[in-house]
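In the two assemblies presented below, chain A is common to both, partnered first by chain B and then by chain C.
Entry: the complex of A and B
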């Protein structure tokens, strides 16, 4: 695949859920793209729309209540939203694979892990049972499970959470997909296992030459694996750029508050900064401060004013309000002052 | 697993002794006896004593019970007081009819009930779901004898497709099997729907979909297998109940099954048959329960492996 060719292009995607009193869009005019072999991190808190975006690529959203309002999802040049159920079957697990958040419940308790890996091989690559079994053992070895010849006949309940997530990775990569979507793959795991799983995904992405979308609420995870970052807040993209740009020069106040919330051991902070308030409590107005993102004020403005993603540096986009051009410049100046210290 | 089966079989012995002792006591405590039934209204004490001596009913109760137990070891339940045949033979004859009936009813309920339940679950809230659940409620509310008579009227009398009653050919099994099968299927459909709806919302179903395998495989292999346990429990219980004698259906369709054998025997105080059938029913319960347990293990590795460690 040529470098210039986009593997995935999401254009102007909007999704809402029916049945709630307000038709709040879960995903609001989101656009991004991904090159072959690249990793994109999608960051945001619960309810920001990051998982819904990922599920919509695989068309795993329950429709209804979910409804895709507008947009295109171009994968290898074809619009996935135009494909019927049968055509999507050929894409799922074959071209695009997915790893989910909960390894404890994501595997079928009644089938051996071997059977669960073999299934997609036999469906997509038309392998015989013996071939598929051999490949399943090979995949278990690749995800660094010990004694794969024995483990292939184990049931999920005989494995730990970390091992189950390895099995999920083995299933996902078994058919050599061009895109792997990881929906908070480490959230449910303990810290040491988290690091191991991330290292494994990083390593295998190179081995399999797979593009990855890493969905997480943890910027630490993103910095470890991604080249580009998409920050989402309440269904909208608020900032989009390379990892370096986002981490060194975060432009959106929400991104800044997220970054401030990463614990820094070297800094010996007494307290970790908070990202204030959960999504739903918009009516409470909380304090000001350097890195504190004021949800209420922001929400009021976003309701009242028009905003747009604007390219501030090459490849670095941020959502700003139409009449904020001047204050944005001030902000930039202030930032420059800070970095002098 | 072997250890588990062994301990279950030991439990069976205890159950058998308890069950036979209880029936023995109840049959003897209840008013009326075989000799009175045989001599009908004649109150000739000498005749009654003679019959009692012949049948061994003049011996003390505990002697009678131990004689019964001794014979039980050799699978000898004695001879019926009224039918003059060995009880074992009568039970085998009844079991042929009732067993066939039980198997066909359960198969009917399994196929029809599962299909309807899955269809209802997949179309939750839509027309098919509502239609199937309506039929299911009707099926559960309808008394079996009423449904039996209705079917007899339509297929036996009006259309003359099937025999009204009796067992001259296999066709005699059709109406009774369908009658009970429909009632069972109604419950199976409802259970399948509930169980499937629960399973369809599980994470592993989404994983299965994400793998891009066929919808059929997702529903049958990933879905149904997980939904099967409550359905099997119900079918196992129904199987036991029918094998123990489907009295109403056997009566309406004139089938000489276990149910009728037992009811007739109770009316006549035919103690050997009552004892024999009781032992038979106890055995059926124990064996079918064991069968259900083994089936659980077959389906669910968590149950199977837990029992290995017992």
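Entry: the complex of A and C
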């Protein structure tokens, strides 16, 4: 786990939110890592902690109420959590960039898109106005916006949602970051635009040799862009492995129910399986001592049992209960021993 | 040909911006246009006062002291034989410059304080909000009088005094708007691209409060003009021989029974100016408010 080629390593990250009465657990001992040039998909339902994890990497969480309780975030070998505000400003946008969910509101309505691309170029790369403008046009061309020379002077309201998201990608990649975090980049777009944006991200990832963290609740998106998948549930990692492993051999019941909930277009009559009962806010409370489980089938087992991530096949980890672990291990002919990751 | 025209028309419409709509809306409002014309006229009068006024503001026609309106002195003369019409025209300079410069000072302080309070919140917000409340707990004119007493009389000091008491309303408005604006995703996006606080405040937040600033300034200018007139009336503002409407009214009130025009004419000038700015401010507020915009 400690190789030098790891671009990003999140180790044992726990984040709490100070609520009115109790501490709300948003991210609970999450660890993962990302190699240079790789794409990691983080999936989970609303409230599973995926966006909080992403924001903590950028250190954009409002502190307080958020509180990072434990862990470290190593980026290119440096712990981001130890950096001060000014040092983080140099990382943000320069080394790590982010694309947001809502392209309609993520651009300032009063500035032309060119000005907004030029901003970070002038801040981070100390470019002159003319250089930055040239680079902005080049970036617009890279994200396949037609007539970039004219479009550079457009205001956000003159662009469609898909084009705005392209502009966001252009801003994010303009300083050639080593890591791009996409927080549900396609959720607000219609299906055809979604596919185009994903293709674009895939293509530019290669061109810029950028690692990508793709946060989404859409497993279709994950299968399209990621090499590895992290499934989160109630702030914890429940399953981690390659896309193939997760999609072909999902081990955790929650992952299985997520996969079962993908609508099957070929069978119009089939009912979509439900992922029962969404996360309630009070479920996140520390005092309940909850554990990870599929809500529908294994409801009764949600109690204070201990659980751990276990490597069930090489590179494929799943969270199971301690007391269940030995029997399952026999069933599955476990190769590796218990591991934290 | 027809179709082409229609198409280019449409393009023109889609490429118009927010302030174009505001101007269109404002143009429909007759009161606003009259006010605007009046203000433009006042600006011209102020700029070309020496060319327009028949006499110099200090010129004393000793042969005609306290004369009623005549052919040579259209609005009469004062106790030194100075032409009241000329003095009112010169007084336009003081009133307008106070309105504009003092309001610029007030606006700068108000926007900065409001932005800091709204953006940083916490103790910064508490401190600035308390200062605003302290200012609000006394009549502003009282504060202005105190400041004028400390720094002395004169036009420049009038600017400073009015600027220093006039910023709180603006600060309050900007603070609440920044509170709202800073939750926008583009602010978070700017953070994520490594922008600093100063950059976000000045490049992203304050420009988005421009409508508020414009309306607030237009509404505050007549107030400032009234403050100047009051200070000069009390003898604390502009000093003779420079003429100011407040000061003319102050001296002229002695002669109100014998020479009513002495007080009346500068008062009319003051009222018209204040009214013009107020009406324009009202119209601007309506035009800039997207909720009041007609759905067409």
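By definition in this document, the second predicted complex is superposed on the first by the 295 of 341 C-alpha atoms of A that agree within 3 Å, B and C clash if a C-alpha of one lies under 4 Å from a C-alpha of the other, contacts with A are read in each partner's own complex, and residues count from 1 in each chain.
One rule holds in what follows: contacts are C-beta pairs under 8 Å (C-beta built on N, C-alpha and C of every residue); 3 or more make two chains touch, one makes a residue touch a chain.
Bear in mind that the values here come from a model prediction, so they are computed numbers and not experimental data.
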Clash or fit (per the criteria above) of chain B with chain C on chain A: clash
Partner chain in contact with A:191 - chain B first, chain C second, else both or neither: neither
First, second, both or neither for A:168, with chain B first and chain C second: both
Intersection of the chain A residues that touch chain B with those that touch chain C: 58, 60, 89-94, 97-98, 100, 102, 105-111, 119-120, 123-124, 155, 158, 168, 171
Chain A residues within the chain B interface of the complex: 58, 60, 85, 88-94, 97-98, 100, 102, 105-112, 119-120, 123-124, 155, 157-158, 168, 171
Residue numbers on chain B that touch chain A, as the complex places them: 202-204, 206-215, 217, 221-222, 225-226, 299-302, 305
Residue ranges of chain C touching chain A (in the complex, touch as defined): 14-15, 17, 184-186, 188-196, 199, 203-204, 207-208, 210
Partner chain C, residues of chain A touching it in the complex: 58, 60, 89-94, 97-98, 100, 102, 105-111, 119-120, 123-124, 155, 158, 168, 171-172
